[in-house]
Structures are given as C-alpha cells and as structure tokens.
C-alpha cells in the first residue's frame, strides 16, 4: 500500500497479461477439443474475433437495470477474483492486491460475479435463465464442499490461510508441493475443480437447449462482450488459485503458463471423455466421493494436531 | 359380664344380618326398615356401652326420624320401586 | 380390643359393599347410613372403659370419684353431634335423589353419567 | 359381575386395613386427658349431673351451635330443593286417603303428651340422659303423628318460623351474653345464670335454657324437614 | 379488636332470624343479608389491618370461659386473618355475582349462603379438630344445598356426587379424630400436636393420622379420588363453582395446613407425593378438554394439589417463611383467578372453548380474562409466578430436583390448555350471539380482578428485587396499554420517543456485553419501530405489547441476577406470543411457539435451580460458577432453554410458523432482535460457567456441532420454502446457528466472530424482513411464486433485498464476508475442521435461497394481478436504508465494529484480532475490508462506465420480448420459473431435511394427548366408580404409608 500507484500499475500490467493469456487459452482449448472430435476447429484467435464482433453490435435491448448490471457484476467478479490473488510467487509486479485478504476472501469472491450474473440473467424473464442459474448454483454449492475441505486441510497443514504463505511453503521442488505432501486434500480439491470449471460432465447449467446457452440466454452485444472477456479472467484466476494451492505456485510466467495450461487440459479432457451428468447425479457424486475424500483429508489433520 | 358379652355378640350378629339384608333385599321398604333395625340394635348396644345419651339419640333420630325420612323419600320415588335391581 | 369394634367395622364394610355395588340411589344413601352407624359404634366403643359407669353423676360418690368411675364422655358427645349431622346429610341427599328421580324417572345411579371425562 | 369382584377384592383389603387398626387398639383402663378434666371439674364448675350434657352444651358448646346450624341448613336446603316450581306441577299428587277415626282421635289425645315428654327430656338434659336433640326429635315425632292422622294437616308455618327463628336467635344471644358479661373468652358460658343447687331442675346455669332452645329449634327443624318431604 | 366469635354470632343470628326478617319484604332481607356479610368482612379486615400495620400478636379466644383444650377455642393469627379476609371478600363479591339467583330463590338461599360463609370462617379459625369437622359439615351441607338450588339435572348430579364423596371423607375424618383422641386425650390441635410426641402406640397413631389426612385428601380433590369434584365443577352453576373452588378449597386447605403439625413426616411425604401427582396428572388430563368449566375444574384440582404439596413441604422442612413466600401466593393466585374465570364462564355460557370469541365484544371482560389466564399460567407479575419461583428455589436449595421437574412439567401442561383457550378466544371467528353482560356480574368479576392485581403488586413488592430500576423498561409498555385510546400514529411516535429515552437512560451506565446487546436492542427497536408507523388499522394493544416486548429485551440485558433475568424472559415470551398471535390464522403456530418457549423457560428455570442449589444464598449470575457434577446438567438444561429460543436443530419446528404468521412488521423484531435474547443468555451463561467438560464428554464440541448442523439444516430447509417469510425464518435459524457455533469456540476470535455475526444478522434480517413486509403489504401474498418482476415496481425494495442477500451470503465486500471470515479463522484456529466444512457448506447453500428470494419476487416475469402495485410505503423503505447504511459503514470500516467487540471480548478471552492500519490479522490470515471495498467499487464503477460509454442504443422492449421454444410466451405463469425451484436439489439432498424433528415432536404431542385422553377416561361419570377410586386410594395409600405389619 505504501506505493499505491505502483501497485495499480502492476495490477494493470498483470491484468493485460492474463487477459490475453485467457483469450488464447480459450482458443487453444476450442482447437484441441475439435481435434479430439476429429474436426479442424476454429483458429486460435477466434475468441478475439468473437469479442470484437459482439462489441461491435450497434443495437441492444435491455430487460431492465439489473439485466444491464448483470454483466458488470460478472466482469467485476472475474477481475476482482484475479486481483485478490498473488499470481507469481516472488514477483513484485504479479502480486496484485493480495494484501486485501487471504484465501477466504478469494474463495468467497468467486461468488460475487456469479451472484450478480444470476440476478441480471434472471431479470430477462426468460425461463431458461433461472433454470440454468438454478443448476449452476446448485452444483457450485456441492462442488465447493470438497474444495472447502481441501482448503481447510491445507490451512491446517500450513497453519495459515494466506495464499502467499501457502505457496512459499511449497517451494523447493516438486516434493514440497501440496500435491505430494497432502495428496488427499489435492484429490478432493481437484475433483471440486472439475465442478468449478463447469466443464462436462458438470455443465448441465448450459443444457436447456444448448443453443440459447443457459443463464446468458438473453445476453448479446456488449453484454456478451463483457462476459466473454470475463471468461478469460475468471478461468485463469481459478486455474491460478488451484495452481497456488496444490501445485507449488509459479515463480515465473512460463511456469505459470505451463501449470495452468496443464490444469485446464485436465478439466477439458475429463469433459471430453465423460458425458454430461444430470444435476441430481452430479450433486450426489460431489456429496459422496469428493466430499468423503475431503473429510478424510480434514480428519487426518484433526487427529494430527 | 359374660351374659352381656353374649348379648352383644347376638345383637352384633343380628345387626350384621339386617345390614346385609338391607343391601340384598329387592324391596326398598324392607331395606329401609332393616337399616332402622340396625340403628335400633345400635342404640341398645350404646346402652350397654354406658352411653345413654347416645342411645336415646340413636333411637330417636337414627332409628326413628331417619327411617321416616327414608320412607317419605321412597314414597316420592314410588314408580321406581319395580325397576331396582 | 372390643368385640363391638369388630361389629362396627363389619357394618362399615357392609356399607361400603353397598356403596360399591348397589345401583339404586336410595340404597346408596342407606349404605352410607350403615357405614355411619358402624362408625358411630366404633367411636363410642373407644370411650368405653370396662367396669365404669355412665357419665351421669347422680350419686355423691360418683361426683367425688367421677374420674375413676365413669366411661369417657367425650366420644359420646362427639357421636351425639355426628348422629345429628349424619341424619341432616342423609335427608339432604335424599332430596337430591328425589329431584333427580323427577328429572329422569329412574333411581339407577348409572343413568346419571352425563358429566364425565 | 366383574364389578362385584373388584369390589370384593377391594373390601378384603379394606377389611385387612380395619383389622390392623383394630389389632392396634389398646383398651383403656382409666380416663385421661380432657375427659379426666371434664369428669373432675364438670360437676363443680358447671353444676351438671350429666357430664355429656356439660360437654355438649358448654365445654364444646360451639360444636352444638354448629350442629344446630347443620340441621338448620339441612332443613333450609331441603326446603329450597323441594320448593314448588311451575314446572313441577305435572307431578300430580297421589290420591290421598283419610286415616281411620281411631288414629285421629288417638292423635288428638297423644300429641300434647308427646310434646310434654319431649319438653321433659330437654329441660332435664343436665340431670338425666337426653337433652335438646332427643327432646327435639320427640317433639318432631308428635308433629309426624299429626301428619299421619290427618293427611291434609298443614303445619302453622308462621308459628313454626317464629319458634324456629327465636329459639335460634336466643341461643346465639346467650352465647353473646357470655361475651358481654364476662369477657372475650366466655362465648356460650352457662354461668351467665346462677349455677343453683347441684342436681336440681333449675340448676347448671343456662344449660336448661340452652337445651330448651335447642330442643325447640331441633324439633321445629326436624318437623320442617318432614313437612317438606311429605309435600307432594 | 372485635372478637372473631362475633363472626359466628352475626352470621348465625342473621341466618336464624332471616325467616322472620323476610316477612318485611325481600329488599329488607337482602339488605340485612349484605349488611351481615359486610360486617363480617369488616371484622376480618380490621384484624388483617392490625396484623399488617399495628404489629398485632396472634390472639386466642376460648369459649365457655374454660381454657383449652377443655373448651373449643379460636386462634386468630396473621395467616388466619389473611384467609378469612380473602374468604369474606369473595363471599361479598360472590353474593353480588349471585344476587339475581339469590333474590329469585328467596331468603332461604341467603340463609344457605350466610351459613356457608360461617362454615368457611369457622374452618379457618377453629383450633379444635372436632369443631373443624362440624364446620366442615356446615360448609359442605350449605354448599351442597346451594349447588342443587337451581334444580338443573347437571347441578343435581354433580351435587349428589359431591355429597357422597363428602360423606366418605367425613367417615375417614371421624375415624381419624377418634383414634387420635383416644391416643392423646385431647381434641385441641395444638395440644394434640404436642401430645402425639409422647404416644407409645406408634402404629395406631400413624393409622389415625393417615385416616385424618386421607379425608382431607378427598376434600382437597386429589387424584384419583376427584372425579366427582371435576364433574361438579363442570355441571354446577358457575356462581357457586367459583365460590366453592376459591373459598371452599382455600378454607379446607387451611384447615389441612393446621393439622399438618400433628402428623408424621411419612404422612407429610405422602401429601407431597399425592399433591404433586395430582398437579401433573390433572393438568395432563386438562389438555384434552373442550369445556372451559371442565378445564378450570382440572386446573383447580391441580392447583390445589400443588398448594397442598407445597404447604406440606413447608411444614416438613419447618420453613415457616416458605408458607408466605410460596404457598400463599400460589393459593391466592388460584383463589382470585379461578373465582373470576368460573364467574366469567357464567356470563359467556359457551360449553366449548372454541366458541369463546364472543367475549371479545366486551373489552372489559376480555381484559380480565387475559389477565386471569396469564395469572393461572404462572406469568410474572402475578402471584403464581412468585410462588412458583420461591418454591422452586427452596426446593433446589434442598436438592429436590425431581419435584421441581414435576412442578414445571405440570405447569407446562396447564399452560398448554389455558393458552389454547386464550389463543382461540382471542382469534377465532365466532357466531354472533347475544350475551347478557349483567353489570353486577361484571362488577363482581372486576373486583376479583382488582384484588388479583393488588395481591400481585403486594407480592411484587414483597419479593427482594435488589433494585427496582430493572422494571423501568416496562413503564412505556404499560403506559401505552393504558393510553390505548390514542390514535395509532401518536402511540407509534410515543414508542419511538420512549425507546430513545430508554437508550439514553440505560446505555449511559452499562458496560461490557450488556451494553453491546442493549445498544443493538435500542437501535434496532428504534429503527424497526419506524415501520410500524405505517399501520392504519386501530389496535388498542399493539404498541403496548410491542413496547413491553422491547422493554423486556432491555430489562433482560439489564438484569443482574437470575430472578430479573427470568422475569424478563417470561415477559418477553408472553408478549412476543401475544404479538405473534395477532397475525392472521396464527393460532396453531403461535401456540407451538409459546409451548416451545415455555418449555424452554422451564428448562432454564430447572437449570437455574440446579445452579442455585450449589450456592443458595445469592441470585447473581455468579451462581453459575459451579464446578461439580451438577454443573454439566445445569449447563445442559439452561442451554437447551436458550437453544429453543434460538431455534436450534431439533427444537426448531416452531420457527417457520411463528415467523411467518406474525404480522409482517412484527416479524423483523422477532427475527432481528428477539432471537438475540437467547444469544444473550448464552453469553451470560458461558461467561460465568464456561462450558463444562468431563473426561468423556466435551460439551463445547457437542454445542459446536449443534450450531453447525443448525446452520446447515436451517439453510437446507430455507431453500425449499415457497413462502418468503418462512424462507427467511429458516434462514434466521441457520444464521443463528453460526452464532452458536462461534460462541462454542470459546476463544477471543470465536467470540468476535459470534458478536460480529450477530450484528450482521440483526442488520440484514431487519432489512430483509422489512423489505418483504413492504412487498407483502402491496401484493397481499407471501408466496413467492405468485409474484415476479416486481423490480420495476419496487426498485427500492429490490435494491434493499439485493444488498441484504449479498451481505447474508457472505460475498465480499459487504459485512457478511467479515462474519464468515472471522468464523472460519476462529474455527480453523480451534482445530474444528469438520465443523468448518459444515459451516462452509451451509454458507454456500445459502446462495440458493438468497437467489431464490430475490429472483422469485423481483425478477422474471411480472404477473398480471400485480401490474399496478406501487413501491412499498416510505415507512418501510426508510428503516431499511438506515440499516443498509449501517451495513455499508461496517463493510467499509469493519474496524469500527470489531474494535468495539474486542473491547468486550478481550477481558475474557484475550484479543482475537490484531490490527495494522486497516488490515485485521488473526493467527491464520488477514483481511482489509476497506481496500476490498475500494477495489471492488473501483472495478465496478469503471466497468459500468465502460459499458455506458460503449453501449449501443438501447431498445426498450416489452415484457414478452423473449424467444421461448420458438414462440413468444403470453402468460407470465408459464415463463416465471419459481415454484419448487430447487426440486432437483431436494431429490438429491432431500434426505438431509427429512422431518425427523417435526415427526418427533408430533409424536410427543400426539402421545401426550393420547395419554391425556386415556387417563381422563377413568372419570367415567359413574358415581360408583368414583367411590371405588376413593376407597381404593385409601387402601393403597394406607399400605404405602402405614404399611403392613
């Protein structure tokens, strides 16, 4: 805080990096999925094209103030999430505003955008929107449980909730990663990760009819632009979070890219090989196996301490 | 003294019998009279117990007036006499 | 320990028997009268002292040595009161029976169960 | 039947209870407690020959006053309960049969004698067995005789009421006189009148007076109970 | 001083002369009748006065000029003076009440009445045991005659049963008297009680005293030998019943009390046993009654059982003071309330309590009715409360806990049927019916009521309160009840002013937790009261009750000892019950609320008693600092009571009903403020007692799970509710669960979290319930799926709800996050990881109901019927935004709040949170609310601005401008997806909210009713059955107390 403007500048820098990274990541993923399916797929820069296209639309309709504000909430949620997280360990300019709060702040801020988005979409009056929101929210509630348990296990393991300190504790080789030192929590966390990324098989919220895709059914033009831009931030932020928590964090940008890309691919491949779950199934699944794993992870530390 | 004892026992048996009679007999008038007899015997026993005052009272009120009141009550509930068990 | 006590108690038991088994209300009142008679016998007997005379001091020896010669007068006084009260209660009870009879034309106590639970 | 069985079992238990009571009674051989006090003091203190009377009228006079009240309440209660009301009219009176000539004549002769006998009993209450209650009952039986001989006989309610009220009121008044003449502890004291000579009719202070009042009161009350019960 | 024998003389003399006096006319007779009653009363008042104020010594009056025990004597002490005064007073009032009937029946009725009064006085005054019998007979026979006087079938049947039972009682009494006489040689009670010590024949003595007492047990109508009495209460003319149930039982009770010194301890124990048994069983049987008179009959019998048992206990423990402290108030409470209620049943001649609504037409009578029912249920400040309180404390000092339990259980049953009656009467629609409100009858009842209040005041002032200032907070409520004729707005403003004044008076000299809570209560009450100014409908009691409830909260935190605490607790319970009860169709729900609350209150009292038994001198909170095997039980009992108030899992089933059925502007008070009373109780308990633990059981751990599961299950239930208020009710349950969880941590951080969450919940629930109230006010429904799209009609309400749900769900940057953050840090610090997980799960599930609340009401498709609704009135909006401003203040500067909390928590647990600039540090992590707010705000503003700048031209569209399956929908019902919103969730996780608790309590209540119903069937109505019970009881008790040889 002693130098506010520097912090701000650094924040903008890292935002710029991460935005582009996120956009490219999306493009790469589309390509890979297409290849797996045996198609050629769109070019890697397709997300940029999409974004420019929707931002260029000249007319828009609004269903009301909340509908209007929904994407703002969403985007603010994505950027905020990113900004509350230390991105690269040891780097001066990739610390963002992580001094504002610890891991709990980050976890809870995930909901900010989702909630705002849900409100906006719901005002559209289109029945698919709340239906998608219901499915998305319902799934988030259960997938957060193993995640929370994993986080608790980490906090118990390291005696801190500060992400920076958790990352710091993992430095010095792969053997120090929480993946190795706390495999049960990692397992639980990664299962939760699948749900939080909302890829198949946990993407029922998009399902009502595939084409008008779930909550954003009624969104278009600049609204949609915000949301697409957000996707870059939001997905990257989540990836960074998991990387920080379980996989030793990153000390420089290449490591960051490598680790997050691998993580993303993990989610994507699980999605590619698995059919979509119905909501009940996914809730039941999360409340059984990942939660049980999380409970074991926590119990280990309950009895250890 | 022995004689008195004998009398008491005899009267006691008589009282008990008439009390049982009073409860067992169907006819209410007989029943009332039987209770009167119990009181009468009781007043005699009171005499033997050296309680002349009680004896007089029992005879006049317990055996006499009380029986009479019962009989009047019977009279007022006449039609019921047939149906008592 | 006096035989009259036994007589009194037996009378009371007979009276209770009547109270419990007789359905006719007049008989129930009669049963109560038998119980009372038995009770009064028991009470007077409590004051009886063997060889003592009635508490009427009609001779000068009696006046002087009353305490050693007369039976206990107190139970007698009490029973006197009890008898009169008993009759008063019985009379009142009978008037209730009469009035009840006029309402339902029956003396059977089992018919008067409108108030319950 | 099951009811009788229950009753029988219960009564067996009660009999055992009474037996326990009975077996624990120890027979007295001499007077004790207040009874001894009454025996020793009754004659000299109150001047009565009949100790029971001294107890009933004076020592435990309040009981007797209460007892008279009980009878009075019962008589009033019977009268209230058996009062004639319009809705009762339908209970037609059973036919009345006039009693025999002999009984009627006999009654006319006997009634005064019986009443005199009753009066004798209660004014001698302090000397011999008997007293107000017994005398009252005898007087009541005289009234009863009148009813028996003449089914249409109506008691003179005015006279009865006056006798009943005044005898009761005077009884209370005598009680208060004790308070007024002697002090706070002398309610119903018989010594408001001189004790007189022991064993004489006019002795024992106010006891004969009280017993007379009780006799009249009880007589009228019992008579009124019978009168009310008799009414159709 | 007038000789009490004049009472006898006057009554008897008048009685004897009345036949003559009546010749002079009915009016003369009536005058004389009343004059003699008044004269007798005057004598008793004179005595009472000189005992109270002139230090009169007990006086003895012989008769016949002979000293006792040779003669009969009257004893007139303070107790006797109280009893004859009360009896003679009710006699005069009863005579007024029955004056028409007396006039119609004639002078004979007057005679019976006078002689009954004579008997009652004699019973109380006489000191001779046989004389007692005579007066008992006088009383009984006069009462029987009066009973039968109206010649109705039921009167006669009841009377006959009564007489037969009385006859049996006399038999036992005489047998007892003669046995005792033969053993002691005396009939004077006092001399007898001395001589029994020298009796050798102990066996006979115990038989004699048993028989003596047993006859009184019949006369006192003890279970099971009391069927006749209840039938008589049911069937007989209520004028007489009221008189007999009050005066008759009081006099008989007193004579029983007089002879208690004669009997042995075993027999006293038997009295205690029978009395307590009767108290519980009769009240249990009362539950099934529908006839008010029969209810009162059961209540009478039960009360006499309790009074008798308490008196026997006072003799047993040789504690004369207890007679005045407990027995007398219990008796007088019953005495006046029962007479009054029986007499009211004589005016409202409805034989079914469900038809009693008609009493609402007469406000005076209604008020008296409420007062008396509350008195009977033992609420403060009525004498019954003081009696019960003192009795319980005395019992606890003697370690008689089982007995305390029995008393409280019986009281709960009694409250059950009395309040059911009250509840139905206050609410249920009734058939219009002409009721003759004879003015003299109402006058009589009013006099009794005033007497009840006087006695209440007497006992109120007699009790040692240490400081009367505790009762100051009730003044406004009472004053407003008095000023009920004022217009609503003025009363509302007066309420606001008095809350302000309370704040000024109390906040200035409090400190620590009380100050903290009180600040919340005062501020919250003030803000929430603003919304009530919207009321248009005139209500005479609303503001009075509201201010009493608010006052009780303030008094609660102001209390310095458990008596004050408990009084406030009870008043809070009653007033909140009455307030909830005002809502529409709320009978069932408010009944469930009051039963749970009373049950909780009684558990608390049990726990208090247990704690008090360890240290029976003081009443301060210090008594909780006990450290032995009782501490755990005490803790469990008290905390159960508090858990009921906070609707913890298992005892939560009342919450949704009570919250949703209460009036819409009342619910915020209950949720935002009242639920914090339980928390306050917890705080005081934990501060003094800590959380006890043994080697095997750690209560703190159990409590933490209760809190965590309450949070989780409450939230789970909230998401499936269709009714907005029920949803918020379960949300409250969950939110309060967090507080309990945080309290159970028992660390500086944990308590900081608890207090922060409490304030947070108070603010948010205030906002949300007010907003919902505004919506319901406009739409007339609380069913969310019926609404939709209201955002355009009610933007202010929408915004408030939006802030509310952001705050409640714990999403940064609003205060909710702070609460969650503190809680998790504290939990992890403590090492309670699983509880952390459960709490976390609960807090994510909370999103579901949050979204649902705002979506179903404000978003989606508007419905046709609400197309013209307006924004909620400003009365609702203004307080919401005041609260939101506070939320924002604490969101931006959480330090403001946390520092205050630290100030009170630190002395107990040490500091939980440390500060560097604006950042809060715990041992685990950190949080800077200010920067979070700035960052989020900046991003938000920048993005909004960006969208505004870049935004192409917006086209306004109409409602159905959406494409739905290639069709434009026309009806909102088809497109507003709101009903059973989370159905898949229920399918997947419905097992978590299976209604185990509900089924459990339903089974409990059903079993209670079944037992009650089958028990009461023993009263077959057949006189012979009753005779059988009496005789059987004599045998059973004989063998139990006297025993076989």
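Should a chain be cited, it is by its letter among A, B, C, D and E, assigned in written order, with residues numbered from 1 in that chain.
FYI, a contact is a pair of C-beta atoms (placed from the backbone, for glycine too) under 8 Å apart; a residue touches a chain by one contact, two chains touch by 3 or more.
Every value quoted in this text rests on a predicted model; they were computed, and no experiment measured them.
The minimum number of touch steps linking subunit A to subunit D comes to 2. With steps allowed only between chains in touch, the distance from subunit B over to subunit E comes to 2. If each chain is reduced to the average of its C-alpha atoms, the one that sits nearest the average of all protein C-alpha atoms is E.
Using the average of C-alpha coordinates as each chain's centre, A ends up farthest from subunit C.
Greatest centre-to-centre distance from subunit D is found for A, with centres as Cα means.
Ranked by the number of C-beta pairs in contact, the top chain pair here is A-E. Separation between the centroids of subunit A and subunit C, computed from CA atoms only, is 98 Å.
Distance from the subunit B centre to the subunit D centre is 19 Å, each centre being the mean of its Cα atoms. Annotation: 11 Å between the Cα-based centres of subunit B and subunit C.
Per-chain Cα centroids separate subunit C from subunit E by 49 Å. Contacts with at least two other chains are made by residues 130, 134, 137, 141, 144-145, 148, 151, 179, 181-182, 187, 1024, 1028, 1031 of subunit E.
Residue positions of subunit D touching 2 or more other chains: 3, 7, 10, 14, 21, 25-26, 28, 34-36, 38, 50, 52, 56, 60, 63, 66-67, 70, 73-74, 77, 81, 129, 133, 225, 229. Touching two or more other chains at once are residues 51-53, 57, 61, 65, 69, 73, 76 of subunit B. By the contact rule set out at the top, the touching chain pairs are A-E, B-C, B-D, C-D, C-E, D-E.
Subunit C meets subunit D in the complex at residues 1-2, 5-6, 9, 12-13, 16-17, 20-21, 46-50, 54-58, 63, 66-68, 70, 72-74, 76-77, 80-81, 84-85, 88-89, 91-92, 94-96, 98-99, 102.
Interface of subunit C with subunit B (complex): residues 3-4, 6-7, 10-11, 14-15, 17-18, 21-24, 26-27, 29-31, 33-34, 37, 40-41, 44-45, 47-48, 52-56, 70-71, 76, 79-80, 83-84, 86-87, 90-91, 94-95, 97-98, 101, 105-108. Looking at the complex, you find that subunit D touches subunit B at residues 50, 52-53, 56, 94, 121, 129-131, 133-134, 137-138, 140-141, 144, 222, 225-226, 229-230, 232. Across the complex, subunit E is touched by residues 12, 16, 19-21, 23, 25, 28, 32, 35-36, 39, 42-43, 46-47, 74-75, 78, 81-82, 85, 88-89, 92-93, 95-97, 99-100, 103-104, 109-110, 112-117 of subunit C.
Within the complex formed with subunit E, the residues of subunit A that make contact are 1, 55, 57-66, 68-69, 71-73, 75-76, 79-80, 83-84, 97, 99-105, 108-109, 111-112, 114-115, 118-119, 122-128, 130-131, 133-135, 137-138, 140-142, 144-145, 148-149, 152-153, 155-156, 159-162, 209, 212, 217-218, 221-223, 226, 278-280, 283-284, 287, 294-295, 298-299, 301-302, 305.
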